[in-house]
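Common to both upcoming complexes is chain A, partnered first by chain B, then by chain C.
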Partner chain A sequence: MARTLTFHIFRYNPQDPDSTPHMQDFVLEETANMTLFIALNRLREEQDPGLMFDFCCRAGICGSCGMVVNGRPRLACQTKTKDLPETITLLPLPVFKLIGDLCVDTGTWFREMYTRTESWIHTSQPFDPAKEEARMDNAVAEAIYEMERCIECGCCIAACSTARMRPDFLGAAGLARIARFAVDPRDERTDKDYFELIGNDFGVFGCMGLLACEDVCPKNLPLQNQLGFLRRKMGITAVKQLLGR
Partner chain B sequence: MQTVMTDLLVIGAGLSGERIAVEAAEAGFDVVCLSIVPARRSHSSAAQGGMQAALGNCAMGEGDCPDVHFEDTVKGSDWGCDQEVARMFVEAAPIEMRRLAHWGVPWNRVVPGKSTYFKGGELFEKYEKEEKAGLITARSFGGTAKWRTCYTSDGTGHAVMCTMDNRCAQLGIRVLDRKEAIALIHDGEKALGAVVRCLRTGALEVFLARATAVCTGGFGRLYRATTNAVICDGAGAAMVLDTGLVPIGNPEAIQFHPTGIVPTDILVTEGCRGDGGTLLDVDEYRFMPDYEPAKAELASRDVVSRRMTEHMRKGKGVPSPYGEHLWLDIRHLGDAHISTKLREVDEICKHFLGIDPRESLIPVRPTQHYTMAGIRTDKTGAAYGLRGLFSAGEAACWDLHGFNRLGGNSLAETVVAGGIIGRCIVEFLQGTPAPTFSMDLVRAEVARQKARTQALVSGSQGAEDVFAVRGMMQDALMEGCFVFRNDAGLRACIARLQEALERSQRLGLRSSGKGASPELAAALKLPGQVRLALCIATAALARTESRGSHNREDYPERNDRDWLSRTLAYWDEGATLPRLAYEDATPVFEIPPGDRGYGGGKIIPADPAVVAAKTRAQG
Partner chain C sequence: MAVSLVTVDRPETGQRGGRVDAVWDWVQVLSGLGLALFLALHTLLTASVLLGASVLNAVAGALEAVHLDTLAHWIVPVLFLVHFAAAARKVPFRVREQRALWAQARMLRHADTWAWIFQAASGMAVLLLGVMHMWTTINAGAIEAAASAARVQSGGWVVLYLLLAPLGQAHAVIGVYRAGVKWGFIQDACRAQAVRLGLYVLAGGLVLSLAALVRYATL
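Presenting the complex of A and B:
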């Protein structure tokens, strides 16, 4: 019953002048309930201690382990080998800068996105520790959380044709961030403010509507709906601006 | 050599680290946060449950107040906590939850009217009041008298982490990821910063600061089986221990959880057993009622973990390529229940095991879960032994949790302690002139770290395999210093750890060690990890009583007469074992030692005169 798996893995260490990009094969006996987390750690410990990959929570919560598995961006930790054929090809996520082998630099990309989207609550209200909290409808809290579930794994960016053509595109993760604040009543920004941030080709009008972002999102975020919501909002804002209102 | 100077260096950008950073930045200080992963991937984000704070808004939390929260916390700690710290914490927690709401956390809110909830598999009704509509609500957690745990759906840690990191971005705090501190820089009196390895390029860098805060989380990864993220490896605490000046508080205080799945040790909630799930052995026989006739699977975490281990020792475990385990059975709860009330468990089974818990048994085993142990600080978060060094969160022993932490108190501690300690750091920075940095001292430390790295790459000290030695350490703790502890097992564990320590000083890399080499990162931290493991085992051997999570088979009583104390473990340079010292568990008693009301066990009482002298009259 036990299969012998062949892992076809991208190798390149940019910090090593002797290293050149290539694919390398590793062979491993499959065990019960094996995930790519188990398999890659065994490869590192038993066969090649220099093999670079990222895991953190290994429970699908933190978004560290995005990689291209047999052609599709996904979280390695929640990929079970039994759902894959005997030959498994692993590549680093495109778009992001390569650190080595399967590791990419999502951190820099996302911190830049926070700045570009001004990813925080804009409020003129000071915090008063003596006061009861401002009330909020529970349904609103849940709607905010729905968009905040993004784990910044980068799969949607790696799968996005626009992001691969233009490096300044905010992508589904960046636009979902705007949507998160747009539904939050604590944020005092207006549609016009949001238009300044995303009413252009590196924002909401850059999307070609191919929607691979939603297909690959490991958290099943409603990225397509959010995009539609923002496009309508920004479209109306643009028309209003043209009409001078 | 890249050298960065700042007012405050925060090592670790999880919730407590970023909360401290925010406090200092708001006061106008320059702050740099370092993290080995992008901040939002910190283990804080994995905490799903919630944060305890006595807001008393929901129906089941009515009448709650900081005093009730205080009592739960002290009892939970088995009277091991610092009661002054616990008091500060419970008073500040409700305000901190409101502050987080102001910053953007989408807390779940009170929905007025009738609703239902499950307890012990049974359905109950409750009524939420109209006048509380829209205030922050709370859920139930073990060991608490009231529903007090504020939450955001099934992702509280994640949601609060997003908000805190957003706040850092708003304040322009430099949060640098893939930076691993590998040594503190100090002059024997003051902390001056850290030598840092860049995990993008492998280059060494220097960060100098007027104050340094270590907020690197827990150290579950010293154990083979742990619910913790792979980054919770104790390297931060070990780096502080390596100064020889700062002790680890209560290293023996480690919490375990009965149901981590095999092989990945991801936690499945206690709710499974609460709702009627059972534990089965290799013969699919339900064994818990034989050990605990009254409570069976519903006994406390530690009791269930111990009984599971005991049963596996009798040869009743299920063999697997990943070691022995037992089964959790929730098949009889049915599709409607599993799809709604246990959805999270259903998803874990689907994503990480590929099984359907309606039809299949879930492989589980007890795993390490939380370290009450940590860098010992005073109530302001200042580490013992080095001026300008602070610590908060799971990395620290502040000491809110004593020998057992309540669910929901740890995640709340990250932000509440972060706020309190952040303000103390601001006062420290305002009241302390900038130190002069001796560049000779800095160069010497960098040279030491370069030499270590060179030795590992060249193999000049030996050719021991880092993963093999790390495995030896993990197995030694699993076998001798896990849920069951006794004299013989601990002595054997210490002997193996000493061998592991000796071997860890003869490591040689098999890979080139160039760039972001994971093997080099593991090798640099291993000797410190083994020293930390030795602190745990040595302190566990010395503590001849059972208290909270520390269970000695040969000393089953809680001994308040001799052990109402906190262990301080120091590592002197060149030593092969830690040096243990002790201090009183708490400077004052608001609640004198008594029975927890759960967990059972006999108590050897403390001298009543000693207790009376330290008991503060209730105001």
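Presenting the complex of A and C:
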């Protein structure tokens, strides 16, 4: 039997001086294989054309549909309504700048994170387009790819209490970014260089190990293991520096 | 004037190379683990009263003979204060931070996030109660079952112990788990087991210390 779903949806348009943050209820008949992507699009088509939310790939690839579903940040396009109770509360991701309703600007945050982590391969090798690419061990390539799978949805940042309390905290996605370059043999940066970027309370030492990032990442990145790996690496680097080595 | 007097506002890169932060982080984990180790031994010592007052007196006497008590009387208060100073850097003292943390915890309903709030709150409680407890016991001199029993039976202290023992133990168990996670010794594959082990240790510690309190009350 089809269920009748009730959506409590956060509404607010910061651009409109008359708008105030409030929750609005919508009622919708559930259909087979319904995802939140389908539900929200139907709400917009049938009930309120002004409802703001983001989607693009609807396949868990672009990372634009992150929102808080019954308390947990997740991808709306990958969330089936049949896995949820009849009452569904949708909030925009915290931490990020609100564009309106469920729509947030993750782009500016990730852009700044990439600048802060200097998210490119640092090499002194001149680029020769005619040359064959340097070969890489398969295991190393896979370790890099494991981190590259991040789709920048922002769920790990929105779930992190540290990020919510301290806006300049790099967060799991940012630290995982460093872990990705740290295993890449083409990047010539040393532990000391990485320490300059993340060896402080805005970086790895700010993480309090609450593991909400690990528990919500829709792509199941090994965030817990990478955060621990980086803390040890940076902790040891600090000790070495203090000992003058 | 010296260059060091200038603070450069450079938001796009954050603060670079914070060796100070790294040192504090080491201090926090090492002092926390040191205190947890002490607390484990302390729990066993107090629980030895369950085997009889004479057993506790004998164990305490042996410790005092090698001056371990004097050592503890110096090291533990120092660790306590240092640990507090280190941990306080992470505790949200500002109302804006507290609001954000509270909203986050209620939104997420996530056990590890609640555990951290409990840890920060229990830490502050343990600081107060622990200082009171240490002040009296360190000034009291020799460790004796009769003296401890008299304190427990005097009334007020039993309330303090009933708060301090569970809060301290829970804080320590969560703290060791968190230290393991933060430094990568507890990996994702064994996280559930670590949580289960922690709960067993906590249950064991609580049973031991509560039983010891009952024994003191009836000694």
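In this text, the second predicted complex is superposed on the first by the 245 of 245 C-alpha atoms of A that agree within 3 Å, B and C clash if a C-alpha of one lies under 4 Å from a C-alpha of the other, contacts with A are read in each partner's own complex, and residues count from 1 in each chain.
Everything below uses one rule, namely that a contact is a pair of C-beta atoms (placed from the backbone, for glycine too) under 8 Å apart; a residue touches a chain by one contact, two chains touch by 3 or more.
Fair warning: this is a prediction, and the values are worked out from it, not measured in the lab.
Legend: residue contacts after superposition of the two complexes on their common chain; A:L221 is shown touching neither chain B nor chain C.
In the superposed model, A:T115 makes contact with both chain B and chain C. In the overlay built on the shared chain, the residue A:D83 is in contact with chain B alone; chain C does not reach it. Contact with chain B, but none with chain C, is seen for A:G60 once the two complexes are overlaid on the shared chain. Within the superposed three-chain model, A:I157 lies out of touch with both chain B and chain C [touch as defined at top]. Put chain B and chain C next to each other and count what each touches on chain A; the higher total goes to B.
Applying the stated contact rule after C-alpha superposition, one finds that A:G71 touches chain C and leaves chain B untouched.
In the superposition on chain A, contact of A:L102 is made with neither chain B nor chain C. In the superposition on chain A, A:I178 makes contact with neither chain B nor chain C.
In the superposition on chain A, chain A positions 115 are in contact with chain B in one complex as well as with chain C in the other. Chain contact summary for the complex, chain A toward chain B: residues 13-16, 19, 31-35, 37-38, 44-45, 48-52, 54-64, 77-78, 80, 82-83, 99-100, 103, 105-107, 110-111, 114-115, 118-121, 123, 125, 127, 129, 131-138, 140-142, 144-145, 148-149, 151-152, 184, 186-187.
Listing the residues of chain C that touch chain A in their complex gives 11-19, 21-26, 89-90, 92, 97, 100-101, 103-105, 107-110, 112-113, 116, 178, 181-188, 191. Chain A contributes residues 68, 71-72, 91, 94, 112, 115-116, 159, 161, 164-166, 168, 170, 195-197, 199-203, 205-212, 214-215, 222, 224-225, 227-229, 231-232, 234-235, 237-239, 241-242 to its touches with chain C in the complex. The part of chain B that touches chain A in the complex is made up of residues 37-38, 40-43, 45-46, 48, 95, 97-99, 101-104, 106-111, 133-137, 152-153, 155, 158-159, 162, 165-167, 169-170, 175, 177-178, 199-202, 229-231, 262-264, 266, 320-322, 348, 351-355, 363, 466-467, 509-512, 514-519.
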